[in-house]
Each structure stands twice: as C-alpha cells, then as structure tokens.
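Shared between the two complexes below is subunit A, which has subunit B as its partner in the first and subunit C in the second.
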Partner chain A sequence: MSSHDSHNENAHAHKPSYGIYILIWVALLILTGLTVAVAGINFGNLTVITALTVASVKSYLVLEYFMHLKHEKKMFWLFVYTSLFFLGVSLILLFADYTFLEGN
Partner chain B sequence: MASSTANVNVSFFDYQGGRKGILGWILSVDHKRIGILYLISMMIFFAVGVTFGFLMRLELIAPDRTIMDPQTYNSIFTLHGVIMIFLFIIPGLPAVFGNFFLPIMIGAADVAFPRLNLLSWWLFVIGGLLAITSIIMPGGAPDTGWTFYIPYSVRTSTNVIPALMAAFILGFSSILTGLNFVVTVHRLRAKGMTFFRLPLFIWALYSTAWIQVLATPIIGITLLLVTFERLFSVGIFDPSLGGDPVLYQHLFWIYSHPAVYIMIIPAMGVISEVIPVFARRTIFGYKFIAFSSVGIALFGSLVWAHHMFTVGMSGVAMIVFSVLTFLVAIPSAVKVFNWVSTLYKGSIVVEPPLYYALAFIFLFSIGGFTGLIQGALSVNLHIHDTSFIVAHFHYVMFGGTGFGIFTAMHYWWPKMFGRMYNKKVSIVGFWTLFVGFNVLYFPMFVMGWLGMPRRYYDYLPEYHIYHLISTIGSWILIIGLLIMFINLLKALKSGEKVTKENYWGGETLEWKCPTPPYVFNFEFTPEVHAGPYEYKQNDESEKKVEEEVVQ
Partner chain C sequence: MSSTTATPIADPHLHRDDEGSRLGMWLFLFTELILFGGMFLVFAVYKFIHYEEFHAAARELNSMFGALNTIILLTSSLTIVLSIVAIQKGQKLLSIFFQIITIFFALGFMVNKYFEWSAKFSHGIYPGSETLLEKSSGEILFFGLYYVMTGLHGLHVVIGVLLIGYMTYETIKNKVNSDKYVRLESAGLYWHLVDIIWIFLFPLFYLIA
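Up next is the complex of A and B:
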C-alpha cells in the first residue's frame, strides 16, 4: 500500500507532556476571559474582527495541541487547512453580497 | 482482510459469513453488498419519484384541474424533488457504483471504514423512510418545494420538520460515504497505484467526496436552524422576526449548488471509463480530465448565488457569481472535448453502454449550454423561475447524471452480477428513453422562454400545446425506463451467465478480478505497473500488423 504503513508509528511518537496541555488550557481560559472582557467595549467595525481573531487563535491551539495536528503528518494539515480555506472563501463571497448591498 | 483465505476465494454472492439470509446482507460490511443494498433502495425511491413526476405531468396535460387539487400538486412536486435529489441523484453513483468499484479499481479489499460504510446505508434508509413517512403523517405532505425556502417553510402547517430531518440524516449518510472514500483513496491504493494511475472514475469520486465532506455540514446546520425557527421562532431567517430570508438562500445554495457537482462529477467519471473502452484507445488528456474534476469541485463550490440573481443581492456579488459561473464551464468543456477526442480515430465498438454514454455527452452539452445562458445576468432575469430552468436542470441531472447511472448499470452489470442482459432489448429501451426524454423536456425550454413559470398548477391556454407534448413525452420515457429495468432485472434470473473476467476489454482493475468478484475482490493483491487506459490488446494487434508488414 503506497502511503499506508508508515503513519502510526511516527504520529504519536512525540507526544507532548501534560505540562503543555495545562499551559494550553490556561491560555484558552485567558483568551475566553479576554473575549468576555472586550465584549463590552465598542470597537465599531472592528468588533467582529476582534472576536473572530480571538476565536481563531483558540481554535488554532485546540487543533494543534488537543487534536494533535502539530504532531501529525503534513497530509492532515493539508486536509484541515483546505477545509478552512473553503470556509474562508465562502465567507468572503457571502460578504461580497452583504458588504455592497445598497443602504449598507 | 481476513486472516484465513480458506473460504474467501468465492463470489461475494456465495460467501457464507457469520449471518445468513437477509441479515447476511443488511448487516454486511462488504462494500459490494452495501453497494447493491444502495442500488435496491435507491431504485425503490426512484420508482416513487418517477410516479410523482408522472402524476405531475398528467395534471399538467390540460389547463385547470385534471386529476388533483393545487395543494396535492404542491406536495407532489416537493416530494418529487426531495426524493429525486436526496434519494436518487446525490447517492446514485458514489453510493452504488462508488461503493462497489472504488476499492476494486484501486486494488483494495474494502473501503477504509467498512462499518461506517454500513452505517451510512442505514442512515440513508432511515432518512428515506422518514421522507416518505412525511407524506402520510397527520399535517399533510410538505409543500415547500425541495428548496424549503423561507418564510413559507416556517409558516406552512404541513410536515416540513420530518422532511427537514430526513434531509439532515441523509446528509450524514453522504458525509460518511465521502469521508470513507477520501481516506480509502489516500490509504488503500495497491502497490504501484499512484495518483496518476488512478482510473478517472476514482478521480471523480475523490473530488466528489471532498465536496460531500466540506459542503454537506452547511446544509445540515441550515436545516436544523429552520427547524429551530419553526419550533421556537428564533428569528434567524424569518423577516417578521427580524431574520434574513436571503441568508437562508445563501446557506442553502452554498451546499446545494456544490451538490449539483456531487451529482454530475461521478457521472462524468463513468463516461471517462466507458469511452476509452469502447473506442479501444487511451483516453485523450488523462491529466486534464483528472484535474478538471478537481477544478469543477473547486469552482463549483463558489458559484452558488447564481440561483439567487433575482432576490436583490448587491450588484458586485451578482457580477462575481456570474463570472465564476462562466469559469466553471471551462473544466466541464475540457471533459467533453476530451471524450470526443478520444473517440476520434478510435476503433469504436458500439455496445449498449456506449449508447448511454454518447447520450450523456449530447444531453449534458445541451444542459450545460443552457446553464451558461442562465449564468448571464440579463438573460437570467427573463427566464428565472420559468420552466426553462426546469428543462435545463433535467437535461443536466437526468440527461447527465441519470444517463450516467444507466451507463454505469449497463457497463458494470455483468461484472457485478455475473449475468448479461439482452443487448438488443437494451438498445430498444435506450432509444425509447432517449426520444421520450427529449419530447418530455425540450418543450419546457420553449414554454419557459415564452414565460411559463415553474411550479404552477395552472397555465394560460397558449402554453397548452407544449404541456401536452411534454406529458406525452413522459409516457414514452416511462415505457423506455420499464423496458430498460425489466431487461436488467430479467438478466439477473435468466440472463447469459458471465464468468470471464474482462467482459468489455477494459484495462482497469475491476476487469482483472473474478466475475462476480471474490469476497475480498482479488485472489492476490494486485500490483500496478501502468496507467489505466493503456490498451495492450491494441498494442499487440498493432505489433502483429507491423510484423506482417515487415514480412
């Protein structure tokens, strides 16, 4: 099988320590706190961007560490980021409608 | 793969596993049995969908009431759409022929997740039954059209929620199949089966699988939101609650337009298999066809709002989506040109699968060109929501995917069942079907252009002649379908027995395994040393000719 066999041995060979997981967990808590804290501040047009940036950083940490993407083969990376790319393009095209609607 | 090969080198029909009788089928994780389960269930749903279509056409044979009231008509066209889209065309090729042939064509024993594969069939059946049940449940059959547009789908008192849940469950079935195929293609290819040695049907299934995985969750969550809207009046889409109905249409079409490509790309894959086999030559432009599948999947995911040119989108969005719509025609045209170029100077053998494949190219081309007509913004305003669009998508979906499914049936039937159908009858069936199809759908182009709206129960007298011709076409088409299916079914019982591996002279791996295939497909795991369309028999005959010339 072409790319069949060599995967699992490498995939979990570099498991991070529990300390890293705890650190990431603390970071996620801080970022959640940040989201709540900035929710009351009016950034105008930047409000959504701020919230999405914090959420993206959190998602990145979860994907990379808790879902082990950091330690997987690049193929998994490609799969995840292809999906995210499509999501991004879909959002951009969606906002091509809403942003340019008359009255906006 | 089983640890022992003592009893697995028998046909998958004859294999006696842990369970016998019907349980040996409905609980089997063998990809071939699951493929056949899909085929049977899909054909039952197809028969229901055809019956609804027939009744619709019968109602429209003359103005005013003919056989049913307007409410029944609304329900029938809704269910015709839901059943044909979600239960026939979308699962059609990937679930039946993909399941059966994908592992075989890459030299594997099964898909990567056989149990997940069985689960996806069970979800398909549950979703299908739920859709059918929504007809007879108290409250009345849903009458929204298969698109479930807001605000009507929130306000109608009919059984919209069961139909939404049915589509939601069917979506999961589709996602699981797609996931299985992506992983199978990446992980289970036989030795030597590089990506550029994959048969083009596999490239098509692979591209489709990506759309299934990426786009289906969007419709799933959207349908759930509509359910919440109906149950709790949340106000996401309903304008009277502060929601945005156009947002629903965006989310619906973000899935449902790529779904059109879930339907058509595998059919294109089948045609790419059949044409070189019956032209007896290497396919023209293998890499272009392979990448055009990916290209269609890519661009096809970005054109959804061309269904919405009249809803009041921004001008910028309309121009962007119109341009993208024209771009997606390029990879589709690449395929058509390459198929025709493959036939050019080929040693063409005219057999039933080729008839259906050629009809696919002809009908799909009409469907594709009329799609471009609608992609132009100005023309779209004129023909939007007319029967022109009904004709267009039936030419693509039925003339394209439907005929693609029939091509696959006629091509792979002897391999799947070890029985051959009557070729003469199948050609009679083909011509009846082909004539019926065009008589049924072509008048819709004309009356749509003249202004006949789609989904209308009644119409002005000037459209009568077109409706009359169209309804007569539906009778011819149904006769063609009956001839074709009876011929195929009869073959299972009394057709000529086929035992030779390579019935049509193909070069892909399914023609190198026993007929019908063994439980784990091959006696020995194959090794691949060449591309899928390198016709050795041609080379040998050419060598003979050359030798004779030299002598």
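Up next is the complex of A and C:
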C-alpha cells in the first residue's frame, strides 16, 4: 500500500498475475469451512462473535485483494474504512443501548 | 493547453479518469452499505430481542444450501477478478471465458435459491402464510427478514448477471480492451460487494441454529 506511483492513471500498474487471487480464493474457502465447522460447536454467545469475526476476515480479503484496495490510492482506503467504522459504531451503540434497556 | 510538444493526436488517455470512475463506483457501493447495513442492524436488534425464536427458526433453514451458495459466490468472485487479469494481459478470449463462467455461477446461485425457496414454500413457510402466522412473533420476524434480505440480495445477483453480461458484450466488441477496462473493473467491484453481503448473510441466517 505504501509505494504507489501517483503518476500512473492506472492503479494496476503492478504486474497482473493469476496466482495471488487463487491463493486468496483458497483462503476464503478454508475460512468458510471454518465457519461451518465452528457453528457445529456450541460456544453460546461466542458462536455469533466467531462467525462475525471470520466473516470480517473474509470481507477484508475480498476488499483488499479482489477489490484491489491494496493497489488503490490511500484515499480509497480512507473512504472505505471510514464508512465501515461508522457502521460498526452504529452497531456497537445499538447493542450498548439494548443491553442496558434489558428488563425495561 | 496549447502544448507544442508532439503528443499523439488521439491520446487514448485524453478526458479519461479511470481512478475517478472507480471512486464513483465505490461511492455507489457505500449507498449499498447503507441499504444492507440498515437491514443488518434491524436483524441484530430482533435477534437480540427474540433470541430463542430466532434460533428455533434458523433450524428450519438448510445450511447445505447456504454453504453451497457461499462456495458458488466466492468462486464467481474469483472468476470475475481473473477476467480482469486476463484483459490486462490482453488475453481477450480468456477474459470472456471467465466472465461467462461468472455468469454461470451467478445463475447457479439463483437456481439453488429457487430450490431452497421452493422447499420453504412447500412447507408452507412464506410471507403471510397460515403456517407461518401460527408461529411465534420472533419466528415470523426471522422469516420476514430472511425473505426480504436474501430476496434483495438475490435481486442484486440478477442485476449482476445483466451487468456482467453487458461487459461480456463490450469485451467481444472490443469496447472493453487491454487498455480500457475500467467498466469491467466497476462491474467486478459490484459483484464483490454482492459476495461480501452474502459472506455476512450466510452465518447470520443459516448457522445460528
């Protein structure tokens, strides 16, 4: 992400190759298998948290590699993660709210 | 402006901003994030309130359909990104091949979805059905969200098929080529978003039982 040729209009000035994407795909399949396997075990509330963590890792791989965020300018990175951050904030505030409202 | 240096007359990069195009696509994807993000928040709250009912309802879903569709979508994400690599390398036919494979995966996803929904319908579980309305309010909410969220996602898959199909046409017509492929990239970005949404839909609906 650090070295980026800002003079180049095309963000994919790096040598395109098939290999890395196939590796990411294998990683995504393994993580899917992991989610399914973990779902079989009852961790209680941790099950959902584990599932969401694995889903987040998978999304990160898709965003960075398949969606080329790794090779885009920092600005793209800032836009994407700022929007995701605020979605996360809404989720956390919502749950904080409902946790403390419990019993009312 | 009136540069006297000998620049090629028809500079293909003139009046072209690929980065701007991609940024525009990302901005559109953020609106999708609001659309689906809002629904995920609704889902989260109702799951919190109706914890037991949601888990009972999720047991009705066949996680095999969900897992299979996850694999299909992940693989289609791979093939669309490979079609971009191919066009970058100037391998037009290979790029077209990968695009068509992506469309087939997308259609496979919808066929799978059709069988899944048909099975639900035959069990009398569809919005407003008598069987469903006899269930607890939590289960009614679960299936309501299930049909709305996977339905809206399915609609995105159908739109993706049309979009990628159009890109295939443009690639055949050389409008998308090794120099100019930002449209294919944007279609790819959209397709990956559809994949990411499914990455979250799958564990939340199918694996919480």
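Criterion: the second predicted complex is superposed on the first by the 91 of 104 C-alpha atoms of A that agree within 3 Å, B and C clash if a C-alpha of one lies under 4 Å from a C-alpha of the other, contacts with A are read in each partner's own complex, and residues count from 1 in each chain.
Going forward, a residue touches a chain if its C-beta (ideal position, glycine included) is under 8 Å from a C-beta of that chain, and two chains touch if they have at least 3 such contacts.
These numbers were taken from a predicted model, which means no experiment stands behind them.
Asks: Put subunit B and subunit C onto subunit A via the superposition and say whether they clash or fit.
Replies: With subunit A aligned, subunit B runs into subunit C, so clash.
Asks: Who does A:I49 touch here: subunit B (first), subunit C (second), both, or neither?
Replies: neither
Asks: Quick one: is A:L63 in contact with subunit B, with subunit C, with both, or with neither? Answer first, second, both or neither.
Replies: Second partner only.
Asks: Name the chain, either subunit B or subunit C, that contacts more residues of subunit A.
Replies: Looking at subunit B versus subunit C, the one contacting more residues of subunit A is C.
Asks: Which partner chains sit in contact with A:L29 here, subunit B, subunit C, both or neither? Use first/second/both/neither.
Replies: Once the two structures are laid over each other on A, A:L29 reaches subunit C alone.
Asks: Tell me the contact category for A:Y98 with respect to subunit B and subunit C: first, second, both or neither.
Replies: both
Asks: For A:L78, select first, second, both or neither according to whether it touches subunit B, subunit C, the two together, or no partner.
Replies: neither
Asks: Quick check for you: in the superposed arrangement, does A:S90 touch first (subunit B), second (subunit C), both or neither?
Replies: Touch status of A:S90: both partners.
Asks: Return the residues of subunit A at which the contacts from subunit B and from subunit C coincide.
Replies: 75, 79, 83, 90, 94, 98
Asks: Can you check the complex and tell me which residues of subunit A touch subunit C?
Replies: 9-12, 16-18, 21-22, 24-25, 28-29, 32, 35-36, 39, 47-48, 51-52, 54-55, 58-59, 62-63, 65-68, 72-73, 75-76, 79-80, 83-84, 87, 90-91, 94-95, 98
Asks: In the complex, go through subunit B and note every residue touching subunit A.
Replies: Touch residues, subunit B against subunit A: 182, 186-191, 193-194, 210, 213-214, 218, 246, 250, 254, 301-302, 305, 313-317, 320-321.
Asks: Would you mind writing out the residues of subunit C in touch with subunit A in their complex?
Replies: Per the stated touch rule, the residues are 13, 16-19, 22-23, 26-27, 30, 33, 37, 40-41, 44-45, 48-49, 63, 67, 70-71, 74-75, 77-78, 81-82, 84-85, 88-89, 185, 188-189, 192, 195-196, 199-200, 202-204, 207-208.
Asks: Report the residues of subunit A in contact with subunit B in the complex, numbered from low to high.
Replies: That would be residues 1-4, 75, 79, 82-83, 86, 89-90, 93-94, 96-102 of subunit A.
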